[in-house]
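Both complexes shown next keep chain A, but they swap its partner, so chain B is in the first and chain C is in the second.
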Partner chain A sequence: MNFLPLWRYQNQLIDGAIVTLELTVIAAIAGLLIGIAGAVALKGRIAPLRWLVRGYIELFRNTPSLIQIFIVFFVLPTFGLKIPAFQAACVALSLYFGAYSVEIIRAGLDSIPRNQVEAGQCLGLSGWQVFRHIVLPPALRNAYPAVTSQFVLLLLGTSLASQVATDELFHVAGFIESRTYRSFEVYAVICVVYFAMAMSFKALFAIIGAMAFRWPRRR
Partner chain B sequence: MRSFSLIDFISLVEALRWTVALVVLALVFGAPLALGLAMGRISRFAGLRWTMAGLIQTIQSVPLLGLLFFFYFGMPVFLGIQVPAIIAVTVAYTLYTAAFLGEIWRGGLEAVKQAQWEAGACLGLSAWQQFRHIIAPQALRLSLPPTVGFLVQLIKGTSLASILGFVELARAGQVVSAATFQPLLTYALVAAIYFALCLPLTLWSRSLEARLDGSR
Partner chain C sequence: MALVEIRDVHKTFGKTEVLKGVSLDVEEGEIVTIIGRSGSGKSTLLRCINALESVDTGEIHVEGARVHAKMPDLKKFRQRVGIVFQAFNLFPHLKVERNITLAPLLTGRIDKAKARALAEDVLTRVGLADKIDAWPEQLSGGQQQRVAIARCLAMAPHLMLFDEVTSALDPELVGEVLKVMEAMAKQGMTMILVTHEMGFARNVANRIVFMHQGRVWEQGPPAKLFANPETPELASFIASAK
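And now, the complex of A and B:
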């Protein structure tokens, strides 16, 4: 066991980690936007749109993320739509994260009892005010844990982007391994880096959660 | 280059055996370990609780791909022995399964009220009898929907074994796609097969959950 040969690759490792974080943040933001739009559509009155969203959710939640990345990267070029690996991974991961986000956000909105909305209407609040002051805060609090754990899974899932040669952290690992032949050390280090990133995000989310959702709970 | 034919379809379906085999192996070895982790997590001994929690946290904070590569490429070098691919892959999936199922089942065990343990103790049952006859059956019912949900996660996860050259469904898809130059058809078919495997489980999990909701 000798970790020293890896030391000179620290810049590549840092660059890889940055690309991993970029992928994660882009896919998370795009996915959440998809999630909000999807949840609104599911709550809406247009039936075909609801079916479309349901179909999207089931399709993306019941097929492997890896295959989705392959389809975006290898299949779209046959239609003349050639996109670079990083963008392809972003699209595929966003759609994957989006499918989970719709369900999480919908569940968050559904967790608000109907009579609370009615109580707000009785107080003469407008539709927007009811949503903003009565539905949204508790819905956010209820959805928050699920969103954050899904975010960590997304962070770990970005490692699949290495399979279409996105130069994120896991791809860097393969590169270093091919140079040093130190498989054990390389993958041990990579796992530790992912672990550190995942733990940092969990800690960050716990702090944010504790600060953002500390209004009095019912006792 | 040749066109996509029946033989390609057959090779995909044949490769499905390995997908199923990986899932079965992961469950056979992972489930008992998960039960141990879950029981350790609710143990009276703080040291054991913390160790198990740390173990689960660690495995859940590392990508599955990382686990696979570590045990497939890293471990044999470290140990200085040849490890058959199937064993390395099984170890990785076992740990993955144990960590996630362990956490799901812990949730189920903790959801059963403390008073149930006490009631068992009052009836003169031993700790094991309380667990076996009172807590476990209730916890099982509660944790069945997420367990089935995890099964979907596991089936999708076996696609990562393709990266190590393991010829399961996803890998067979790559091979066929390369041979026929028909990525659209091939990957759509592969996705459809995964979908056909996973959707029934997802629907089952949902109906279990709905039934549970009604009984509360």
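And now, the complex of A and C:
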């Protein structure tokens, strides 16, 4: 076992980790917005929109995300939509994370009792104001633990983007392995990096959660 | 013209006809208490008055405007009609101050600079000025209900509806809420209450409305109604409520 040959690749590893973080954060934000919009559509009155969202959720939750990335990267260009690898991975991972987020957020919205909505309506608030100020904050709190664990799955899942040659951490590891033939060492190192990133996010989310959701829980 | 005019209102949930032709007028400044057994349609009638439920047939007018779920000024209308619920329905994620000022700020009734003063004012009226920075969960049921009343008062309503507001409270907390309502009554607020508090109905209300099987069965001033009920249904209800 010899980790020394890896030392000169530290900059590549750091760059790879940064790309992994970029992929994760972009897909998480886009996916979360998809999740909120999708959850609102699912609870809405427009039936075709509900079917569309349902279909989207089932499609993306019941197919391998590796194939989703391939389709965006390899198949869309045949229809004239050519996207660079990083962007393709972002799109595919956003849609993947979004599909899970819709269900998580919907469950969060469902957890808010009907009488909260009525109380808001009776104070003369509009539908949007009731949603934004009365329903959404406690719904997000209830959805928060599930969203954060899904986020960690997303972080780990970004390694799939290596298969379309995105220079993220796993792809960089493959490159270093081919140069050094130190398979165990390379993958041990990035494993530790993934673990450290995941644990850091968990700690960060705990802090954010404590700051964002300060009201006492129902007894 | 009466402040509230209810004309031959029918309402059906599924196969159950809950309101079978209810007519009722409430004058400005009047305190009307609706009593009756559970299932007699009291709460449904109250919820129809501010369009939380829509009526099947018949009409409800408040301040001359016909009330229904698609009325053009529904939001403006609801700002003038306050309703307090059995379950308080405070917003758990907002402190007491924000619970009170949220709607006045969002509807443009007041600006930010005056928000805290408004919260202080209405909280003083319900005797809870010291709880302005508390979370709802930190308050007792009676205090939460008084905050809910204050939250309505902050909209300066012309009419207040109370839907069994003391039914979810421990007996020792009922008094503090009734006291607040009594004070509001003295200040001339028009109030329609659904309640099981016969003492309050007898002492504060101008008029008692007894509902039975989806109809206004009997109504009149409390002294007369409690002493000499005309119908056997009311007589047996009063006897059972004692």
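Definition applied: the second predicted complex is superposed on the first by the 206 of 219 C-alpha atoms of A that agree within 3 Å, B and C clash if a C-alpha of one lies under 4 Å from a C-alpha of the other, contacts with A are read in each partner's own complex, and residues count from 1 in each chain.
In this text, a residue touches a chain if its C-beta (ideal position, glycine included) is under 8 Å from a C-beta of that chain, and two chains touch if they have at least 3 such contacts.
Everything numeric in this text was worked out from a predicted model, so none of it was measured.
**Student:** Applying the touch criterion given at the start, work out whether A:75 contacts chain B, chain C, both or neither, answering first, second, both or neither.
**Tutor:** A:75 sits against chain B, while chain C stays out of touch.
**Student:** May I ask you to decide whether A:116 touches chain B, chain C, both, or neither, giving the answer as first, second, both or neither?
**Tutor:** Only chain C; A:116 stays clear of chain B.
**Student:** Answer with first, second, both or neither: which of chain B and chain C does A:138 touch in the superposed model?
**Tutor:** second
**Student:** Touching A:160, do we find chain B (first), chain C (second), both, or neither?
**Tutor:** Touch status of A:160: first partner only.
**Student:** Among the partners chain B and chain C, which is in contact with a greater number of residues of chain A?
**Tutor:** With both complexes superposed on chain A, more residues of chain A are touched by B.
**Student:** When the two structures are overlaid on chain A, which partner does A:125 contact: first (chain B), second (chain C), both, or neither?
**Tutor:** Second partner only.
**Student:** Touching A:93, do we find chain B (first), chain C (second), both, or neither?
**Tutor:** Touch status of A:93: no partner.
**Student:** Where on chain C is chain A touching in the complex?
**Tutor:** 50, 52, 75-79, 81-83, 85, 87, 89-95, 102-103, 106-107, 135, 137-138, 151-152, 155
**Student:** Quick check on the complex: what are the chain A residues that touch chain C?
**Tutor:** Contact set of chain A toward chain C: 115-116, 118-126, 129, 133-134, 137-138, 141, 213, 215-219.
**Student:** Using the touch definition from the top, list the residues of chain A that touch chain B in their complex.
**Tutor:** 1, 58-59, 61-68, 70-71, 74-75, 78, 152, 156-157, 159-160, 162-163, 170, 173, 177, 182-188, 190-191, 194-195, 198-199, 202
**Student:** Touching chain A in the complex: which residues of chain B?
**Tutor:** That would be residues 57-58, 60-67, 69-70, 73-75, 77-78, 152, 156-157, 159-160, 162-163, 170, 173-174, 177, 183-184, 187-188, 190-191, 194-195, 198-199, 202 of chain B.
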